[in-house]
Amino acid sequence: LKSSLFFNISDRRRFLTGMAATGAVALFGLPELGKGAAFAQEAGGEPVVVPDTEEQRIADLISCNHVMFDLGLADAMGHPSVRSKNNPSHYYMAQSIATGLVSRDDIVELDENSKKVGPAHMREHGERFIHGEIYRVRPDVQAVVHCHTPEVIPFGVTGTPMRPLLHMAGFLVDGAPVFDVREVKDNGGHDGMLVENTELGRACAQKLGKSAVVLMRGHGMSTVGATVQQATARAWYTYVNAVIALDTQRLGGKPIIINEAEALGRRPGRLPERNWPLWKARADARSARYIEEYKKTGVVPMPPRSSLRE
Amino acid sequence: LKSSLFFNISDRRRFLTGMAATGAVALFGLPELGKGAAFAQEAGGEPVVVPDTEEQRIADLISCNHVMFDLGLADAMGHPSVRSKNNPSHYYMAQSIATGLVSRDDIVELDENSKKVGPAHMREHGERFIHGEIYRVRPDVQAVVHCHTPEVIPFGVTGTPMRPLLHMAGFLVDGAPVFDVREVKDNGGHDGMLVENTELGRACAQKLGKSAVVLMRGHGMSTVGATVQQATARAWYTYVNAVIALDTQRLGGKPIIINEAEALGRRPGRLPERNWPLWKARADARSARYIEEYKKTGVVPMPPRSSLRE
Amino acid sequence: LKSSLFFNISDRRRFLTGMAATGAVALFGLPELGKGAAFAQEAGGEPVVVPDTEEQRIADLISCNHVMFDLGLADAMGHPSVRSKNNPSHYYMAQSIATGLVSRDDIVELDENSKKVGPAHMREHGERFIHGEIYRVRPDVQAVVHCHTPEVIPFGVTGTPMRPLLHMAGFLVDGAPVFDVREVKDNGGHDGMLVENTELGRACAQKLGKSAVVLMRGHGMSTVGATVQQATARAWYTYVNAVIALDTQRLGGKPIIINEAEALGRRPGRLPERNWPLWKARADARSARYIEEYKKTGVVPMPPRSSLRE
Amino acid sequence: LKSSLFFNISDRRRFLTGMAATGAVALFGLPELGKGAAFAQEAGGEPVVVPDTEEQRIADLISCNHVMFDLGLADAMGHPSVRSKNNPSHYYMAQSIATGLVSRDDIVELDENSKKVGPAHMREHGERFIHGEIYRVRPDVQAVVHCHTPEVIPFGVTGTPMRPLLHMAGFLVDGAPVFDVREVKDNGGHDGMLVENTELGRACAQKLGKSAVVLMRGHGMSTVGATVQQATARAWYTYVNAVIALDTQRLGGKPIIINEAEALGRRPGRLPERNWPLWKARADARSARYIEEYKKTGVVPMPPRSSLRE
């Protein structure tokens, strides 16, 4: 994180201009820039803004891996990615390693066909096609989070619609379609449940459509965002909303669903800002300890390649 | 906390007189002082009492932020406040920052209209109006806790009454009314689900009425107390009671609800005393580490102001 | 723990004789000594036995306080006790302080009427009568654990019988009667839900009868044991059994209940031995940190006596 | 772990040849070696492979004990084992001690009849017969994990079939038969619920059959694997699948079960690789602290042998 550049501004116009100049708009996802500016006019203080650089995106990606494990979104499995800023048809992911152990040395660059650019000695994730095919059809998406959070699975396997019950999950008004690998006709001859080729990745991206999250039957979910932070927060609040929906089912009665107008206040670009610094601080510190312990044993037992299919 | 003053007393009359003199009554909320005094007559020992000073209130507010995160009442979001002792129409909150990261440098003073008094460079919470409007109509309230605890949400979205099943949640005999932002006619033109202006804050405070807690549909809850400790404990036991109620629903049968006479032993002023020192010790220690880690990175990535709406 | 004495034996006969001589039988609760001896004959190795001294009982009591918090049986509230070995009509508890913060300095001695023997400056728990009245009518009981574990409450408030579904909860074949404070005719004029006088304590002990656990409606549970370890493990496995019973309810169908013959292998004296050293190691270490933090602030904010009713 | 040998290879043919030479095939369980090789052909990089030695198996066994506690599969009880590589009719387990406290000094060797080979002073687990009788009839099994995870119990006590809902639990397509000690005719005269003799062990192994997991009514589960890592991951994903199945029940509707073709991608040899290094790093570090604390008190209170029945 040392290589990142930061700047302070107190003038809001200069601030927003500066954002556009440095690409911070893309980083934080501000489709409603006008509205944001209007709001900013009413506020005061001196925001600290992180410019949107290649290294900052990678730093966020590493922290996201840690946060996913620390929040329990991932039990060790799962993988996030971030689009390259310098070469927007490419993206970055960790190599095939547990989320909580990812460090700068594990980052892989992939091209528009999810083919590894490098480093040569790394093993990329078999399911990178989820990420690559979403980036292809969703230019607004800068980050993808894929995980297997248990509480979300029941919605995928029963087809019960996941509808927003919490303001923080307002993005669910756009729906959470269910991708079922069993229904994919053109699967490139792949069996099993993993999205391990272009055909399955494409089908998954199509199912996602314009939504913020796609549920995957018997598998998990993938969320997208204008930033790593937003994709992470969307995975978290999809999980929280699932817990609430399951408990609501228990209470009985007809729940009041959050509607389009209500959700507006929670749309792209405004979700994760307050959570992230705390989530990151705790998760990075804990992962630092796991990584230290992991390296302590000299060489960590690693199964043969043939076992590393997923 | 160094700036706090403490004193020991062994004589109970002197103790209660001392309390009144230093304002400890206000701090610990003793509406039934006579009863308390009678009880105190039967007890022995040397209590240590914290005088109710402005700085002690702020110290409690900071710890409350940490406790909310540490107990899982808040996932990082949420915000407590405390009424100013020196200027009771004003109150204090943290600026817009995650609960677990709050330190003395983050405290904002707000006036009777929830307008920031200072410091000038800080960003206040958009939902400060929940707090300000409750202080306006409830002079007995010295502290407010607002959070999004998932297990509480199902009661708000289904309208199932939250009734007390545990002695520690006896305060729920006064009811837990549901505030639904959708039903507010005079909303000052605000859309979305957040209580971000005076009109919505007023409606929320009216819904609370004389209760200890107001549920907020699709959003969370706000609890009040005669002290920060009490408002915190009420949020905790509303959560615990929600868990019990959900599980009771599963078992079936008609549960025995705690009645007015039974709840009396759990009313204002007597809740949080034994929990607080442990909750505070653990949460403050952990937050100290998060804050250390958070500051370690030099400047923490912070999104532009326009993203900081809630 | 330094003051405890330990001894090693390899001869099983000498071991069991030694136990009787030092009182270890009482400590570890071996009603079926003959069976135990027969089993021991078949085994080998060198057990380390802790003699049953006054200080060892108090050390176990302190660790039990920590374990209750660390396992989540207590949210800070709750209180265990142990019978005095030297004066079996007396017993020990912590003063009125959160479980996770208890240290040697907090231990109070109470007499057969739950009147404090000393130290003079300490505040005893209002609900000590639960403990004192059980010790009066159950000479086999050496320890009592009282807590408010949420998952157990639904059984008390609905009257659904808690029946054993897990071998570790085999002690539930003796039943888990429900004490309801509302049903006590001779309550000494006490209102509220707390067991704060002899009359209510007596009614609670009568409801317990010969069982290992008494559920308390809208309040929690109290478990008993031949040792502190056993009373703790019974609270833990009553909790685990409650979780299993709630989930079993969800699955539907008629569950197979553990019967008398099956439970025999889990009866008094054999429960907690393997769990305790790990539970204790983790909990004592964590509590040491909480206590350190708690004392760091100089004087810990403590509410006036009149607030310390429960 | 210092005594382990590792080697790096970049040539995949040499790698697979090397594996066979060192026994790594047995360690990581590669029944579909051809398929694995084919996959490996497509991949790149330099895997680090741990040869399958006696000491590496024991090291994995120790870590497995820690992981079981750290993941909450075990509350302290439970026990894993690993088959001896040098003498495949023998196997290793910890002595009768809590999972989270196991160190190299606690390892016991048992023969084909589950009779202790040594060390002489150690107390073996009463339920070692679960392990020994599975090894006898399942030569493909190199490791067994036995635990009491609460969420799994409802399936055993109600007979509701546990069917795979998550890809990671694809091994459940082979079924999860329920062993009920009550139904065993030839039980060697043993009462209670514990599998403490050859007859009960044999009945349990017969019920397991060719499956990956056997549920044990009112008791828990036992899972098997081609490696310690796989048996651990199967216990974990049986637990996760149980949570998903319970929640799915709540949602209602008819869930889509993972079928044979879909499960294929998750079959023997491919499960635990990515999780293990993180699970191990965190669990070993934590257990190191528990063990340190446990030894700090000089001698840890240990009940008499007769209490150590299970």
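A, B, C and D label the chains in the order they appear, each numbered from 1.
The working rule: a contact is a pair of C-beta atoms (placed from the backbone, for glycine too) under 8 Å apart; a residue touches a chain by one contact, two chains touch by 3 or more.
The structure presented is a predicted model; accordingly, all values stated were derived computationally and were not measured.
*Asks:* Need the most distant chain from subunit C, centre defined as the mean of C-alpha atoms.
*Replies:* The most distant chain relative to subunit C turns out to be A.
*Asks:* Calculate how many whole Å lie between the centre of subunit B and the centre of subunit D, each centre taken as the average of the chain's C-alpha atoms.
*Replies:* From the centre of subunit B to the centre of subunit D is 46 Å.
*Asks:* Could you give the separation in Å between the centres of subunit C and subunit D, each centre being the mean of its C-alpha atoms?
*Replies:* It comes to 33 Å between the two C-alpha centres.
*Asks:* Mind pulling the subunit C residues that touch 2 or more other chains?
*Replies:* 250, in rising order.
*Asks:* Strictly by the criterion at the top, what is the full list of touching chain pairs?
*Replies:* A-B, A-D, B-C, C-D
*Asks:* Give the list of subunit D residues in touch with subunit C in this complex.
*Replies:* Interface residues on subunit D, with respect to subunit C: 69, 75-77, 95-101, 116, 120-123, 148, 150-151, 153-155, 157-160, 180-182, 191-194, 217-219, 246, 249-250, 289-291, 293-294, 297-310.
*Asks:* Under the stated contact criterion, what part of subunit B meets subunit C in this complex?
*Replies:* 1-2, 4, 6, 12, 15-16, 19, 24, 28, 30, 33, 35-37, 39-40, 43-50, 56, 60, 164-168, 170, 227, 229, 236, 240, 243-244, 247-248, 250-256, 258, 261-266, 269-270, 273-282, 284-285
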